[in-house]
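Taking it in order: structure first as structure tokens, then the write-up.
By written order: A, B and C. Residues from 1 in each chain.
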Amino acid sequence: MRKFLLALFACALSVPAFAQIGGQQVLIDSDRNLATAEWKVSSAEWGGGRWSVQLRTLHGGRQEGVQVIDVDNGAMTFTIVPSRGFEIWTAKAGKLRLGWDSPIKEIIHPSYIRLTDNGGAGWVAGFGGLMVRGGLASFGSPVQDGNEQLTLHGRVDYLPASHVSVRYEASPVPRLVFRGVVNDTQTFGPQLRLTSEISTPIGKPEVAFDDEITNLSDAPQEMQLLYHTNFGTPLLGAGAEFVAPVKQVAPMNKASAAGGLAGWNRYSGPHAQPYSAQVFNMQLHGDARGMTKTMLKSPQGDMGVLMSFDTKTLPYMSLWKNEVTPKAGYVTGLEPGTGFPNPRPVERAAGRVPTLKGGETYRVHLAITALTNPAEVARAAADIRALAVVPPVVSITPTGP
Amino acid sequence: MRKFLLALFACALSVPAFAQIGGQQVLIDSDRNLATAEWKVSSAEWGGGRWSVQLRTLHGGRQEGVQVIDVDNGAMTFTIVPSRGFEIWTAKAGKLRLGWDSPIKEIIHPSYIRLTDNGGAGWVAGFGGLMVRGGLASFGSPVQDGNEQLTLHGRVDYLPASHVSVRYEASPVPRLVFRGVVNDTQTFGPQLRLTSEISTPIGKPEVAFDDEITNLSDAPQEMQLLYHTNFGTPLLGAGAEFVAPVKQVAPMNKASAAGGLAGWNRYSGPHAQPYSAQVFNMQLHGDARGMTKTMLKSPQGDMGVLMSFDTKTLPYMSLWKNEVTPKAGYVTGLEPGTGFPNPRPVERAAGRVPTLKGGETYRVHLAITALTNPAEVARAAADIRALAVVPPVVSITPTGP
Amino acid sequence: MRKFLLALFACALSVPAFAQIGGQQVLIDSDRNLATAEWKVSSAEWGGGRWSVQLRTLHGGRQEGVQVIDVDNGAMTFTIVPSRGFEIWTAKAGKLRLGWDSPIKEIIHPSYIRLTDNGGAGWVAGFGGLMVRGGLASFGSPVQDGNEQLTLHGRVDYLPASHVSVRYEASPVPRLVFRGVVNDTQTFGPQLRLTSEISTPIGKPEVAFDDEITNLSDAPQEMQLLYHTNFGTPLLGAGAEFVAPVKQVAPMNKASAAGGLAGWNRYSGPHAQPYSAQVFNMQLHGDARGMTKTMLKSPQGDMGVLMSFDTKTLPYMSLWKNEVTPKAGYVTGLEPGTGFPNPRPVERAAGRVPTLKGGETYRVHLAITALTNPAEVARAAADIRALAVVPPVVSITPTGP
């Protein structure tokens, strides 16, 4: 028996030259009653490139029990948070940090968050990620919508993943794929499931989201999905610019309209109180397949971040400018979504709330690429210009109440 | 010393023939600062019959940290949930599943539930059990009752047990007994304790509840208690029937009265939206000791579930019909209680809210028996008919607002 | 290698006579991702006096996962609760228990508490400690204050410590020091940090708090801080007396004023319902450095507790009399604070809400001493008399609405 096992083992090691090198591991799975506290793997075990993956459990204060996956793909590091809706907390490519300096430093466990606090704005208390989804049943401003009490940006960011797995694929392009399943389900309430594949090519400063929202019920259901993607320094600063192939743009509300539309896509640096955040809602041009690109360009134009996404399922985009003082949450959000962050009834009336049939799935693709030198920034700007075939329609009329 | 210990051990093994075979184990006890993550025992260790008991801790998603006790008494399996008010999640006797297909699949940890959500209806978000208690200070519709904000069905189902133990008794009838203590206590609020003994006879498809509610204070306190016992397929379906020795019955509210009372105790199968759940409130005839029986009979009449309980302390009963589509929470509830699920002030005014003196205890007995063949169903029907000495008084006037 | 280690070890043991004997241990630190489940140390390891310290994790019911530090300084035992705002649950010096019989017996984990419950009074549900802070952004009655929904006594008592360490100092006075850091921070909300040093001299029945509140932001912030220090039997009883160098005193509200001011500082024993708690708000005389003393004296005058604090940063004090039945929460609170427990807008209007500049720190000193014999009580009374240089101004006009 032992000899047989050794033979098997030897066989597994002597992979033929043409075989695909790879590996796969399930880390969390509520169906199988499986959880993993600590785990790691690297290119040394699964072969190919130079990368590493580590699952850790956080301890102390309000982060006690939160799980994170630290990824290093050789060109970029980033951290996925299974305990917080499979969001991405932060990323770094060389000197370029993607993310922001949130006033909260711990990744707060959902049990310390009360979404209904402060008139339904409890969501902000633990807000700190680079890419935080709003959804799945709703996002946007708190509102009573029929029998449902909707809280800011919905529940998904404070729901833990029911399934997490990681795999390494050697071909066609060597990459790591992280699969997470988050159930935004309640008895006699929403029955929506996020199945997210977050992937990263080995050696490139890029992370992509292939997300599916599935209606688990046998009855039709509405859904809403927002990619609240957030950047602070070094990209944000006086002179930074948001670059996009804008089809039309308007302020979200009167406060955002107050300063006019001139310079709406440029940043002026931190402001002391009193200061009001501004939101601009827009639609973008896409290419023949509907893919579009937007960029946040650093003040000196030497760095940036490119967001590429599919306008067929993310047809709307919001730009949130929160240029407060550095320690108060200095950040801007580039936020593609199924609609704008108005209260859901407003979005429904405007035809911006998709409905899924029982069992139906909604698919989204979005990628974030770090631009670490002026040449990459210039190329991204040229790509975006090529999409902007006609000048934008700029409106001062708010899109919401 | 070692010899002495061995002698002791041998002595323990050589139990005299007349001795009672049995065993007992404390699994959780907050007074002794004791918790157990995983544990099991079977008839092999404690002798007698053919049974097994396993305590497990669940992992992944929103079930992380929830503890369950899986019981197999040789004729029936069932799962007790210490983390959720010592409720029973599901049971099975041969092919007959007792319980239902809740839209939520994980047994959600209380830390993810906010009872005040949706106007005080947050309780439903994690609802999925076979037998879920409402109480201990209140059950029924949410309401502001003086200084108290009462939420749907109270707190007890989202309180973890402070004490859990299991014992095997060989005589008079071989049975397993699970003891759970749940404290529904708050400083300057309710001081009520549930001490529940859930017992099951070896080799019979039956589980019984002997529950005590104790007023821990030195002042009088109100209490309310509901046994929200829930069934889906295979018992529920078009043609299924609720059988009971009804003394009087009335709809709970206008919506339940809308369809009239004809066929109130029969089921018509799943309905698509729009559909309104119906609740019928009743009092039942009992035998000389006050014991009564009700049955849910399967569409073909070949299977059923019998609920037997003491009308002296559970004098009221509600039947909840939620015949929605299969994935939306298709279920009916047979719900004996201290009153009806109206808001507590309505129940108080109707004299259906017991008050306990300081230190006083309220005792309840209820049993659930799986009926797995037509003969058992027929016998249960005959027993129920024997109790129904006079025809029911049927009223169309709602019992509540 | 082994020899070298042994040599090092021997060296560590052969401490020169003039060296300071001591030790230090970090137990929890979210920055370093460090938590400790169980740990202990005593004078045997760190030398000097006769004392012990034990960190434990509690299990069962709603205390599951709560961490406590049991301290025995040779003359007094007390329990610090890192999971609950670094509060002190109870203390004992010989036969004299400091603390009270809360209706809740488990130290409830914050995940089971909803501060917004019952109109913002959810804080009381888990109330049970000897010394419980109110703060850091607010304390006092629930109120909507602009965009902020303030709940009773704020959040700090239900926030877990992000850092906990313990050290033993041999000189100048042998003592144990427990350092705890609690972050009352929310994104786009309060950014306040409590850094508390709880210290106790070896062999003396005393525990002192040196607390710092720091504004972590770069913008000004208000803060409020209350030391809700609570005593039941044996100090509380008919004939017990609150002794203080009162400068001025007034009832907090009409209910507290109803009985007049005669006997406001004396206790009459437990009362059955109906009974209304009373609160009296006061300012005290201090010595040249601003230090003041107050005492709760037992019915026979043979025992007491002395509270000493700095009126420069704790200029106000409230006395809360809750003389209910023994099992309903029989307790009195001696509560120095930055203001009175009125709603924050009332306190702001009265000039009793400090504002901290960005980065500024507010320092508080407070000590609690057990008086275990008549001589100590008499000496404390004399000390307090010496501070009361002029008779108090007694007003019947409530300080709040």
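Throughout what follows, a residue touches a chain if its C-beta (ideal position, glycine included) is under 8 Å from a C-beta of that chain, and two chains touch if they have at least 3 such contacts.
Remember, it's a predicted structure, so these values are computed and weren't measured experimentally.
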Between chain B and its twin chain C, rotation from the CA superposition, multiple of 5 degrees: 120
Same or different residue numbers at the chain A/chain C copy interface, by half rule: different
Chain A-chain C separation of Cα centroids, rounded to whole Å: 43
Per-residue multi-chain contacts in chain C, two or more chains: 111, 114, 116
For the chain B and chain C complex, residues of the former touching the latter: 28-35, 110-111, 114-116, 147-149, 159-163, 183, 185-189, 191, 216-219, 358
List of chain C residues in touch with chain B within their complex: 56, 58-64, 102-106, 111-112, 114, 116-119, 124-128, 272-273, 325-329
